[in-house]
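After the structure tokens below, expect a handful of questions from me.
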Amino acid sequence: MKRAFPILAIATVIFLGYATYQALVVAPTERTMGDVQRIFYYHVSSAWTAGLLFFINFVASIVYLARRSQKVDALALASAEVGVVFCTIVLVTGPIWARPVWGIWWTWDMRLTLTLVLWLIYVSYLLLRRFSSSGQTPVMAAVLAIFGTLDMPLVYFSIWFFRTQHPQPVMGNGGSIDPRMLHAFFVNLIAFTCFGLLVCWARYRLEVLRQEVEEMQALESLLEVRSSR
Amino acid sequence: MLVQNAPSSIPPVVTVTNLVKQFGRFAALRGVTADFPPARLYAILGDNGAGKTTLLRSLAGLSAPTRGTISVLGATNPREVCAEIGYMAHPSLLYDEMSAMENLCYFARLYGIRDPERSRNLLCRAKLDPHLSRPVGQYSQGMRQRVSLARALLNDPKLLLLDEPFSNVDVGSAREMARFLGELRDQGRTIFVVTHQASFLEEAADEFVWMAEGQIVNRTPSLLTTEAR
Amino acid sequence: MTGSAGLTRATLFKDLRLEWRSKDATNAMLFFALLVVVIFSFSFDPTAEESRRIAGGLIWVAFLFASVVALNQTWARELRNQVLDAYRVSPAPANSLFLAKVLGNFVFVSVLEILMTPLFVIFYNLRALGPAYQLWIVAGLGTWALVVNGTFFAALSLRTRSREIMLPLLLFPISIPALLAMVEATSSILTGEFSAKFWIVLLVTYDLVFTMASLFFFELVLHAE
């Protein structure tokens, strides 16, 4: 398992390089939007990666409540943190794309709005973990994650209906998509997913290490008084 | 040093095996192993930070062990037998804005007792006026402690856990309370009293359990005037 | 089952009685609600036509802020003297306590709303062009949505530093679909332009989902150290 990490890391970097080359050089410039459109490859890929990571967090939260395994909680924390980072990328690239193309900074576009709500929910999740003084923070956080995930279908339907009643601009490519663009898109999607999972794995390992250090310090303090008697 | 007069055929009402309780890096209990035969009054003594309150709370089911096991009234989780446990803490566990009778009648409902007769009897036994409509927050500390003790006795518990019942109570009331606890013990209940004022229990207690730095360091049948640690 | 229903009722009445006795917190909250309405009225001074369009949003945002003040007090009395330990140590079902608190908060926030609404109507010259009776349904469902999650997150926040800011931090993001529904439903009814039916169905779904989730997880949260 330990050897897999550097291998995956190198593979991801290479793949990311290839994906970047595809997105910035090979893919043709969009007719109406120009080069700004290339942000689409990062914007959408980040959104899917964030979604995947939050799904991992949801599953980890449920498993944690059932099994109470510390490592599972480490995974929940790691996936939440990295997921928030990718969400932030979506929320930043969105306006950067929207402003020159559609003339507006923000729109209640389905993807953008869902990402915003997810971002808010998971930032509150991270804040709960940071501010909790309970010995059972992982339990509370897991419960919050489940609440947040239960919320998502409701968020989706509320935005969907809102958009039918109040038509909003759609942030997308519009029109037919060149096969080279499609290729670049899928390459970037896979590259970003690998990258996201890699960073999540790194963060997970860090958290497990931190847990081990804490465990050892606790054991130390447990034994030190005993030996001094 | 250790005196156990109970015949070994009677199972202990409380058994603690290697109980460890850690709050982060701080170990409040460092591997406590003991068993306590029933129908006795145990005084738990020790300095601040010795782990007395933590041990009591663990027996009450309020504090889950980090490691080790607890067996209370035959159950590994005290919450399973909570209907047989009475708990009195250092804070009053009462609503300051309600009268003694209102408090007791309400808390009796938590145990499924709807008849106010029980609450009235307990207050009379505690030498308090059940018809007094003054809110408990305006009582003297001694009176409040007596209501608090009455609350702990609502469900006629087999196991009584008291934390500092004599603190801030006048000498007369404290002696009266100690005598009352002896009576309760004579009725077959097992009582654990955490206190800094062990002298009040000199006559009533069957055993003095000395704790220091998260462990039981001595168990004596009487309160020796010399340092017993 | 009648045991826990009886306990819920007993707890609810106890809370209402205590609230009635110590009116200082209540009075402060009522005054706060009034202030919120006045400040909003200063900030947004629209014509009757515009006001009907935005009133839905304004009213519910005002209710939201006023209710947070109330929700933060949910467990205040239980924290004093560590009364919560008395619940934890007893065999009483945790859900009875939770439901009683939610119902108490529902009553309390409804009182705030009943106070604030006429003021909004006056300041904004509001008149419902759609079916007005639906406003009661929306108000009821919306208030329940805020209060059920608010009570649950107030319990989650009990063991955090900065407890009082933690509650809105946790409550607001998750309430977004419910808030959108409340606002849109109210605007639809006031302007009469759309039917509020979809939003009402969404609110019912939201209330069901989160009431069940809260009841399922409350015991876990109550017993957390």
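As written, the chain order gives the labels A, B and C, with residue 1 at the start of each chain.
Methods note: a contact is a pair of C-beta atoms (placed from the backbone, for glycine too) under 8 Å apart; a residue touches a chain by one contact, two chains touch by 3 or more.
From a predicted model like this one, the values you see are computed outputs, not experimental measurements.
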Task = Identify the chains adjacent to both chain A and chain B in the sense defined at the top.
result = C
Note = When B-C and A-C are ranked by contacting C-beta pairs, first place goes to A-C
Task = Would you kindly say which chain has the C-alpha centre located farthest from the C-alpha centre of chain A?
result = B
Ask   = Roughly how far is chain A from chain B, going centre to centre by Cα mean, in whole Å?
value = 50
Message = Measuring centre to centre with CA averages, how many angstrom lie between chain B and chain C?
response = 39
Task = Could you tell me the distance, in whole angstrom, between the mean C-alpha positions of chain A and chain C?
result = 31
Query = Where does chain B touch two or more other chains at once, residue-wise?
reply = none
Request  = List, in ascending order, every residue of chain C touching at least 2 other chains.
outcome  = 225
Inquiry  = Quick check: what residues of chain A touch more than one other chain, meaning two or more?
reply    = 135
Residues of chain B that touch chain A when the two form their complex = 20, 22-27, 30-31, 213-215
Query = For chain B, which residues are in contact with chain C within the complex?
reply = 60-64, 79, 82-83, 85, 87, 89, 91-98, 102, 106-107, 109-112, 114, 151, 155
Key: Contacting residues of chain A [partner chain C, same complex]   = 65, 117, 120-121, 123-124, 127-128, 131-136, 139-140, 143-144, 146-148, 150-151, 154-155, 157-159, 161-162, 165
Ask   = Across the complex, what residues on chain C touch chain A?
value = 149, 156, 159-162, 166, 169-170, 172-174, 176-178, 180-181, 184, 194, 198-199, 202, 205-206, 209-210, 213, 217, 220-221, 224-225
In the complex with chain B, residue positions of chain C that touch it = 3, 6-7, 10-11, 14, 18, 21-22, 77, 80-83, 85-92, 223, 225
